[in-house]
Amino acid sequence: MAKLWGGRYAVKTSAVFERYSNSLASDTRLTPYDLKACTAHVQMLSEVGVINEEDARKLLHTLNEMSVQVENDELTPSGNHEDVHSWVEAELASRVGPIASSIRIGRSRNDLVVTDFRLWMKDELLYQQEAVKRFQQILLTLAERNLEVVMPGYTHLQRAQPVSLAHHLLAYFWMLERDRQRLIQCYRTTDVCPLGAGALAGSTWPIRPERTAELLGFASAFENSLDVVSDRDFAVEFLAAAALCMVHCSRLAEEIILWSTTEFGFMRLSDAWSTGSSLMPQKKNPDPAELVRGRTGSVIGHLMALLTVIKGLPLAYNRDLQDDKPTVFAAADTLGSSLEVLAGAMESAQFQNEKMAAAASDPGLLATDLADLLVRSGVPFAESHELVGRHCEGDTDERVKPLLEQLTTASAVEGRTHRGAAGFKAVAAQLDRARNTLLV
Amino acid sequence: MAKLWGGRYAVKTSAVFERYSNSLASDTRLTPYDLKACTAHVQMLSEVGVINEEDARKLLHTLNEMSVQVENDELTPSGNHEDVHSWVEAELASRVGPIASSIRIGRSRNDLVVTDFRLWMKDELLYQQEAVKRFQQILLTLAERNLEVVMPGYTHLQRAQPVSLAHHLLAYFWMLERDRQRLIQCYRTTDVCPLGAGALAGSTWPIRPERTAELLGFASAFENSLDVVSDRDFAVEFLAAAALCMVHCSRLAEEIILWSTTEFGFMRLSDAWSTGSSLMPQKKNPDPAELVRGRTGSVIGHLMALLTVIKGLPLAYNRDLQDDKPTVFAAADTLGSSLEVLAGAMESAQFQNEKMAAAASDPGLLATDLADLLVRSGVPFAESHELVGRHCEGDTDERVKPLLEQLTTASAVEGRTHRGAAGFKAVAAQLDRARNTLLV
Amino acid sequence: MAKLWGGRYAVKTSAVFERYSNSLASDTRLTPYDLKACTAHVQMLSEVGVINEEDARKLLHTLNEMSVQVENDELTPSGNHEDVHSWVEAELASRVGPIASSIRIGRSRNDLVVTDFRLWMKDELLYQQEAVKRFQQILLTLAERNLEVVMPGYTHLQRAQPVSLAHHLLAYFWMLERDRQRLIQCYRTTDVCPLGAGALAGSTWPIRPERTAELLGFASAFENSLDVVSDRDFAVEFLAAAALCMVHCSRLAEEIILWSTTEFGFMRLSDAWSTGSSLMPQKKNPDPAELVRGRTGSVIGHLMALLTVIKGLPLAYNRDLQDDKPTVFAAADTLGSSLEVLAGAMESAQFQNEKMAAAASDPGLLATDLADLLVRSGVPFAESHELVGRHCEGDTDERVKPLLEQLTTASAVEGRTHRGAAGFKAVAAQLDRARNTLLV
Amino acid sequence: MAKLWGGRYAVKTSAVFERYSNSLASDTRLTPYDLKACTAHVQMLSEVGVINEEDARKLLHTLNEMSVQVENDELTPSGNHEDVHSWVEAELASRVGPIASSIRIGRSRNDLVVTDFRLWMKDELLYQQEAVKRFQQILLTLAERNLEVVMPGYTHLQRAQPVSLAHHLLAYFWMLERDRQRLIQCYRTTDVCPLGAGALAGSTWPIRPERTAELLGFASAFENSLDVVSDRDFAVEFLAAAALCMVHCSRLAEEIILWSTTEFGFMRLSDAWSTGSSLMPQKKNPDPAELVRGRTGSVIGHLMALLTVIKGLPLAYNRDLQDDKPTVFAAADTLGSSLEVLAGAMESAQFQNEKMAAAASDPGLLATDLADLLVRSGVPFAESHELVGRHCEGDTDERVKPLLEQLTTASAVEGRTHRGAAGFKAVAAQLDRARNTLLV
């Protein structure tokens, strides 16, 4: 295998170990970012006079050529190389000769790999944030359509009080909004350029990390070379944000599964988003929701994995960190596809309004309001609560009887008018705020 | 046991279940916050006319009386109550009679408990953020004192290149700075008032959640009652930030342990921060660092616990969430004390500068700079790297020989002058930026 | 604070650090085991002549005296001691003078603490195993009572095929049986005595670890002193078994919650095992099940915590391990109480047989059997599956029509007669096997 | 896409969802097991007369043909199929026509997939157990070679007492032995055949699950169809065993990393098992050990993932479980390769005996024995400990002085003779026990 080191090595690397340590396959998605980073690095080295103009021109021209080919799928890492950086240098050398190794001046793989990783992460965070937003938009549209649909709100999975279906859908809108803000926050953490930190100590060459940062579109260069070569906070932050977003998705998934049961019957997934059974011909299963709920486990597992990897690592770079990328890649793929799948399943689903209405007409859902009426009539709260409790068991107090006819499901929903409440008017105002949130 | 419900219940609650579900002990630290929340709620109910002036005056006066007693340790939750909220109402009732239950008008335990929790969390986040800052200040002072102390920088725990000890210490300063920013960010997530969301749907009383939020010093009221009663994002965010901060602490702990070995010998903990052995009289063990490293595991475990609890929960409140508080309390206690312990151990430790200097004078640490000199003399980078590799194995090329005397450890450190590098001048500038960071 | 070390120490230990490292409170439950271990150790030392007969007699008498007092709650660790071992020695010294420190001959705290821990763990494993068995017994009794109750079996939470309620209950019986076997297996892993391993290397005294092991009722003594002082495999095994057992409990909890909904209506928890709402008078919530499901998260978290603590620890003992005990204690307490709570809730619950029967009479549940009839009549399986699928959508093939009346829910359950199947006869045989399993 | 269901479906499945739910790629390694399971199922169906002799002969012949082709890499799943089961049936149908679907009689994908999974797991467990054994053999050989090499034993990473290098190596032998026993135990848990459980309830066909189990070499058939279709205990057990084995590997990896430092200098990895730096020509890094230590995180993460997936799932099969296989496959691959890599690195490493001996000659390592001598001379243990502690600080008591010359490193090691101790004689006996252990 071609390597970027080996002057001291008499013996060939063990094949078992080469296989175990190779990262070329998982690095592939970093290729365009590695070329970008090398390009900016050469440009900066040329500006400060470390690489002469002619060499720089040749290197930049060829790096650009390679970038275009990669973008057009005409060039992809292959062959026997340790990682994408080795492949890039080897490919470059095959085109420009020995000056290719100049790209290694004033930097190391330690700073380069994490520069690539951060560049990829920034793009990915923008993409994920858009995926969240698309899902929010779908929920918003569904909420707009179902503002006056009444369903039972639940606590402890017991029917509690009637709410607008739009209110229920918007609850997920706001969870996703917090997720989106966390992704944006993670972007800021990621937006620091490590290039020039070298192996751990920076360089004796007159490099200008601020300039490299600027060329690559980072908000700033690193503060401390020892820190930045082994700083994976941005990856942990992403995994934590991804795990929590998946947890939110898993809650909606749980409800899709519940609502799709014959017993609840509040919802029907489209045939395009259901699965049958190889044995039981009658089945329509809510597999998309089950898969999303299940894959939440893997993203939580990835977060666990990376925290454990970093725990107890001395400064600075240690090879343990190599698995940060496959871990984050897997979590990002799962998050992105889960958001898309859940959004698709929801968008095409049919709500069964009559089933919801029937369930919401359960008189138990008015018990709170009944107690409130008693309080308004002068009975202390604790006593009102007790009287209504007894009424639910069939023992109705004289003071309760006249109030019973004053209450309807409709009045119970309509009566909740304050900010954030489940009533139609309040939800209409909430919808306005939700819409505005997406404009920002 | 006195309960806030039970009108429908004929049978006594099982004693086993009462023990299992009781949260009074762990709730104790919420007591002042529960009183604050009740106070604001009563004040708002009085302003909108739901509680009449006289009742309100009596309730507010007594709640204030209780708050003062709690603050002075003259009153503490006790007796047979399900939780702190039941105790507060019972205590209030013992002082003002049946109107005590008016505090339950227009809210539920579901919104109250998470209001208490958020109020506590906000205070705790300020405290934790200060603890991080104190630790940063200590690292900064140590860095200032050790700017010109040279030590080997490591990668893969192999000596790599010489660095300033200050640079090494500042690497942790920046990790902690990111931790501090995450705590501040988490404060913003927490700063939303749930009171008035009720059990899940808000209330038919003319309550004003915005006013309650204002009275309690929250930045805003909730957007969606269904969401906010089961939203624990702030707790997950805190646990994620705490886990990552502990991971950073565990990295420093690992280095304290390594540096305290006879083999490294770079550091001696003060006797006040070491432990002996019951068997081996010669021992001075770096137990504070080992305990911090170990307790990192428990905080990661708490994060895993809460994510798992929330995963798959349908809307809205489910009792599964009860353990959010003990989990967060334990993590917060561990984080706060670990920061204090690690700061104390570092502050009183002695660096062994001569041992560091001796290790840093290892000629291998100059290999990179030697290769750089060869590159400056016109040898391509790849070839230079190879020649120096061979030189390390005793096979010194003619082109290498004349360069050997041009290099010293001092020049290697001094030569790294760019932003973020390990050289003295660069670190001095970094110190300035670090100092300014703490001023904000 | 009184310590078992300090000859080399000029400076007082920091109070902050003392608080952070103290384990006396959590050690309390180890007290009887520490006394047992000290007793066996002294006995062995006396037998091999290291402690003279008179001293041995005095020490053994006093250790026994203390054990009795501890058992009778007349003596409990208190005061300013690092841990339970320091307290035991101090208490002993207060009764017998300087010879008390002879208990430290030929051992260290490193081997003592893990001896105590294993002794406790063995008792706890027996207790947990019994708790599992009691729960199995309750499920068995419920299954016996409900053999001929028919309910829908579910996959994907969609009604699938009719099953006996007993079959459903027994599914949990077998999960618990595997849990019980894991606890028994863990007992074997735990049943190794570490006493005499000393700090890490054993002792130059002529001790006989095999004898100490025998006196303490362990199956064997340690093989390797370096290994055994930091071996916590037994604790990890227990946490893994506990986590999986809690996961099983959480599955049953999920079903209790589902079945208690108005929508399913298959089950009613007794009032003694339900909770009401402080706001909504109509509520009866399945809180025991929700709490069990939630606490599963904390046990999984404890497992993660300990694995993370041990990961990357060099040999032999490191102080990181101190938190193994609080972690295992917390998990054991949660497991034991959760088993008791879930068993209690199930035992007193009422199944709603008519609701189950009604749901089981859903004709979709016979689709598989309908397809099977078609196959028996000569239609290939794939085509039969397709024809019945279309029939479910209202498009009934001529070949299907005559078969419809041949099928009933009862025949569908009765027809499943092979080993392990859901039919009455098969379940009766299964009940026999389950009963026999508990006899072992 | 060709599917095993769809009679009820009018609309095409969404392409996004098809991609998300497809498991064909990760199922590939199950192909031979799926063919085995189908073969045994057809054989049993034929024996009980459900499939006629001619059809059975044709099906068995063709399934065997396919098996041979798969084994010879002439046939591999491909094309647009949901999973390996769909592909097998389609491939079979292309060879034998409509009777292919007879393989679906009396079973479902739910029982088939977990039969395949268990068959694979059993083979994998044998392989992993052998991999552990090979590693144990290497440690045993190294221990035999290094019986009389003395090194410092450590606690808290502080030098504690001298030990035989063989003793240190054997500590890992015993950890691995416990791992091996856990894998064997897991084999027993896995050795139950689910085939015939169908979707959840078994079948109305006269199938004989005991016979299928026998044909497939399982120790027994399932007890309860509802349980077995969603029982993944064997997978969790494997992940827990794998995680703990990786934790043990990570401990050895940590020591390889420490011992390879210039500061310790106890060990040199072979060049074939080291890595250089792209920047620093002098570097030889212990990357195999770092990678093993890091990958431990991912296996812990996989365990976390699966526990979270199963938590809270109602009976019986839910699609969440689909990710059990990729999770277990990834963990198994990591475990197997990590064992091989660590064994290879250790086998070819060079111990630096002189560096170890020099470190072991540190007089502090004799402090315990010095205190023991004082005790033998009649000084109480506590006082002896104190006197030696002061001696370490340069304050030597008159009673201590004459004892100093009685102690040497050699005598300290030789003097530890009891079972499990670190002395040469004790370790020789331990080696015998270790050898015998591997014979079983």
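A, B, C and D are the chain letters, set down in written order, and residue numbers restart from 1 in every chain.
Following the convention adopted for this analysis, a residue touches a chain if its C-beta (ideal position, glycine included) is under 8 Å from a C-beta of that chain, and two chains touch if they have at least 3 such contacts.
Bear in mind the structure is a predicted one, so any value in this text is a computation, not a measurement.
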- Query: Is the C-beta contact count larger for B-C or for A-C?
  - Reply: B-C
- Comparing centres built from CA atoms, which chain ends up most distant from chain D? B
- Item | Rounded Å distance, chain B centre to chain C centre (Cα mean) | 31
- Query: Roughly how far is chain A from chain B, going centre to centre by Cα mean, in whole Å?
  - Reply: 23
- Distance from the CA centroid of chain A to that of chain C, rounded to the nearest Å? 35
- Item | In chain D, residues with contacts to at least two other chains | 4-10, 104, 110, 155-157, 160-161, 198-199, 258, 276-285, 287, 290, 293, 296-297, 300, 303-304, 307-308, 311-312, 318-319, 368, 385-386, 388-389, 392
- Query: Along chain C, where are the residues that touch chain D in the complex?
  - Reply: 4-10, 98-102, 104-105, 110, 153-157, 160-163, 167-168, 170-175, 178, 182, 185, 189, 196-210, 221-229, 231, 233, 236-237, 240, 243-244, 247, 250-251, 253-255, 258, 293, 296-297, 300, 303-304, 307-308, 310-319, 368-369, 372, 375, 380-383, 385-390, 392-393, 412, 415-423, 426, 430, 433-434
- Query: Can you list the residues on chain B that touch chain C in the complex?
  - Reply: 3-14, 16-17, 19-21, 85-86, 104, 107-110, 198-199, 270-285, 287-288, 290-291, 293-298, 300-309, 318-323, 327, 337-338, 340-341, 344-345, 348
- Seen from chain D, its contact residues with chain B in the complex are 155-161, 257-258, 260-264, 276-287, 290, 304, 307-308, 311-312, 359, 362, 364-365, 367-368, 370-371, 385-386, 388-389, 391-392
